[in-house]
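Chain nomenclature is as follows: A, B, C and D, assigned in order of appearance, with residue numbering initiated at 1 for each chain independently.
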């Protein structure tokens, strides 16, 4: 990973700020003759789009994606040509005036201070490059990535919000699209509704945990020892705004396990391929996929934009109080769900191509 | 990160298997005129070296490092010249016979199966490339990296082992070298001693959590949005053998925080630089360092080599039982402590150079 | 260099086909607070733009560039912010109908056959991704790169066309903009006019040599041994459409020199810095700049699109004759002049940042 | 390419100075199960080795290569495992005393001054990192690369030395190993013998041109537009010590061609694959291989170490005269022949894997 590009053979470069004319991405290295569809890409973007319920920011963005290059319209649909695929999403609802008063003030918990410490300048409007709007480009790239590995099913869900965690016994993927939280446990989702309403009305915010699962990944993707599949996943998920922790399989919990509990036993499956009797490893051993589902989890911190005044400083070094009245997500973790799927898809597509390159 | 290389300007490439003639690394892009010392590099290696207490594997390796290139001996010591620094560590205590019976069997929890699934061949002796011996090369590289950023203090400690966690009120960096666990809490260390003896004698193993802290990192290192300091740290730490989870600052715990709790407030310090009144962010906001200590934590799974027979399969697809009688660490997390420091050092040195490159 | 990206710290990614909706680039890693100007970028693009004389293709493109990200408009002008700078150029005069008859036929000398051999599909309209239109994006990126190294003067000129070579005694940089060939020798330019008219009217085409010179590069940019300044320049110039040879300093001519003739002698200059008494090395020794002007030269083959029928095959394997009646450059080498400057600028900006990163 | 590494999937990192304890390389990304042989690698190294005739430096180096990792010895030979292959060559005949007098003086035409300008320090013994000894590591890597693409035949030859050029009508690959110049024209080789003896006895040196040809490369390797096969070849060949010009196919000569002369016509071959009726393109169109032989050529400047005193300066800025009495090659171009083959092999192996990665 390097600055605004990630991936090695399936490479994604994104650009754009929250309040500039547009944002987008260039997907380079995509195989040719991959069938894609603008509607499908748009569908993933719509899932991430703000303003879809009272629980996400009320900024209204169409997030309408245009493809600028790298594809051809054939009689039976759109295909990739092997050349770079550029996609563009225009910003339409920017309301830059909302941000004038924080131009010189550093919002606690935001990247305002660090961008300015680094660059000596920052685009303060809507968080500039550090805005979660950048993730729209990731989702567009992820939609292409999925088509590169069509046999892999990638799904994510919100598994905790603040003090409310799902009951894994209730896990139902079909529930994920039935509630505004992408929560796989209908009962927990119902509880979250009142809980998040309370937080929203108080002008506060709350953290969340997201789990992303890829089924159908064959054994053998990944590589020792710095190109490990889990190392790349960790970087990819940690690069999502507000993420502070990443887990593979049992994650931080492995610290409490014994060797007997942790090592997933193996048997031969009915179809003649090995099966694992458990998946503490989250589908990855030695940085290489095992054939079991690849399972990752990450924690998203609460939005730092809150109504309660917080101590801060301004550019001149004056001590100030900052409270944010603009439109914001009470739980940004919700919209991280489609982003997580996109990042998983991009990392897997890249590792698929890298594996094919080295091993054939 | 790509296969066996990591970093962009300060680049580390490692090579070598557990039971080959030697392992080592090439450190490319190191600034010239950096004072280094063979003794100092060796001292870090000695800290990681096996066989130093009954709690680490009894394999005896000198881990004596040789520098092959990239330095000059001046009248007053060794300095780097800006060209690639190759370092070599010979393997001396290999006992390949120990491994003959697992040649065709996949040890559960190990990378045996995945390497073979990927490559169709694997060096089974001692885990081959997936052996923790590879990390000796990281420690050597880390010793150079520290000299590139001499004002940064990097220290790691073991903060939990199985069910035993330290009491943070007892944290004392000076204790870390007073017990065989690199534990900063003397009292917890005493408890661990009996606890781990029990596990060791039972032929079992246990997981652990390590925390690594870098003090003295100025605000401004890191970069949006895929070159984030935390994204690179996540990949670097996840690439260490047996690591399954990585946290920055409050880590997975942020999922339970409110915006008020999470956003670290700022004031002006007495010396005229901003100070943070808390460090939930672990010293990183928007992927860029804040000037507060950079704090990362990761979980190491228990060694998969245990005495208890575990269900597995062999290369031919036969169902077998595997138990490991060789020399192994009852808690590999212990030796991950110096490795964590090395990886932190390498990532920071790289980001320091990258920052200097872009911003001057 | 990798697929559609080049550079390491100053990284340029381009996208777009000849007949798609738009082409453009993303410049990542540019330092912050660099003053740029849209007018200046446009001026470089206008220099490369087709249709400016009867000696370049009559395709009419405004090549109007838009900046989508990575800059801020301050009171006194536009500055970079350190985040990726995306630039977009829309295609307006596409006339795709011109190309329908070569959809299934491979034009000799073009990339038609190789793209199809590689990808199994190709955008045949106007050469698709292999069109020289892609170079507009390079010129836009080069305009930014120049601002990163403001003390370096980069100029290129056409030094031969077919059998007509300039007389170096007549070299006058001011002449370059006085003739439609970017030729520094007014007398040679006059001869070229009639010469190229003859070629153009015959529906033929001709090759050319371009020289690009960078003055003001300090000693010390570049790096051993695969990151050599000349190695990167060679790749950058060879990547320009239709280029088949690249020279540094005396270039291919060094094969005829003796050691006495070749080794540029040194003396101390009046200002206390070393001077070279000759510049056979073209300003680069051991892959590192010497402080003398960096001089590169490259040959551009004649446009393959000619009126004379040429033997070829079609996609089905039938033997056919191909002649091209569309709008084309009788000497593409002419428009390579501003592209050469852009590539030199991008490579030098990258090496400047890399040098600053490693050495400070 | 980046500093001391080149390639993307087949990646070569080299290290080592002329007078350090050893030099070597790490080849990462090599496919598994590739049959290699230490004898074969050694044979290529022996071809490059100094001291084989009176026309190359009399330094005596065994250049005995050791493999440290990445391979396994099976019953029927050595195979790669997919992990990094480290190879080591010890320096044995160093005679550092020869170089003491040039410690503070910059030899004209050498990299002495530029290394010191860049790094503020240089290993002056034998040229340090800028020594041609580094190329031994390339040859070792190239020997592995050839095994990755066994159907490709790669051969190089010296085609001119000073004023003496071969007659292409006499080209006979079998002659290459029959004379000390790797010259394919027996008659020209005979002339070179007396010619170079004269130069050698005069303590002078002379330049040369080398041509390298790869037969059996299928159509489709390479990639638009910065990952072009010819762009990577240009960088790889330009990175060889003393190279100042690189040509593909007709090279610099295309500047004099008309479109009719240049565009290689196509017909269907008897075996049903397309054939080219000429190969001005040197086997590459649009950066992608055509299936015709890949032909590259490059010029090597004369050794700068000559007996005739040349004006220079020393570190303190004093004006001095430098003449070199050490052991040197009167025509370094000779030993560039096996190096050229190695670089061609590495670039092709990398492009083969990259092509397989993207396209399958």
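Throughout what follows, a residue touches a chain if its C-beta (ideal position, glycine included) is under 8 Å from a C-beta of that chain, and two chains touch if they have at least 3 such contacts.
Everything numeric here is computed off the predicted structure, so don't read it as measured data.
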Pair joined by more contacting C-beta pairs (C-D or A-D): C-D
Of all other chains, the one whose Cα centre sits farthest from chain C: B
Centroid distance [mean C-alpha coordinates] between chain D and chain A, Å: 45
Chain A and chain C: spacing of chain centres that average the CA atoms, whole Å: 38
Whole-Å separation of chain centres (CA-atom averages), chain C against chain D: 26
Residue list for chain D, restricted to those that touch at least two other chains: 2-5, 8, 14, 29, 32, 82-83, 118-120, 129, 224, 359
Graph class of chain-chain contacts, one of line, ring, star, complete, other: complete
Interface residues, chain A side, partner chain B - complex: 1-6, 8, 14, 106-111, 113-115, 117-120, 129-130, 134, 160-163, 199, 204-209, 218-228, 230-239, 241, 244-268, 272, 274, 277, 280-282, 284-291, 297, 299-306, 308, 310-313, 317, 319, 333, 355, 359
Parts of chain D lying in touch with chain A, wherever the complex brings them together: 8-9, 29-32, 82-83, 224, 353-354, 356-360
Residues on chain B engaged by chain D in the complex (per definition of touch): 2-5, 11, 13-17, 20-24, 26, 28-29, 32-33, 66, 68-70, 72, 79, 81-86, 88, 118-123, 128-129
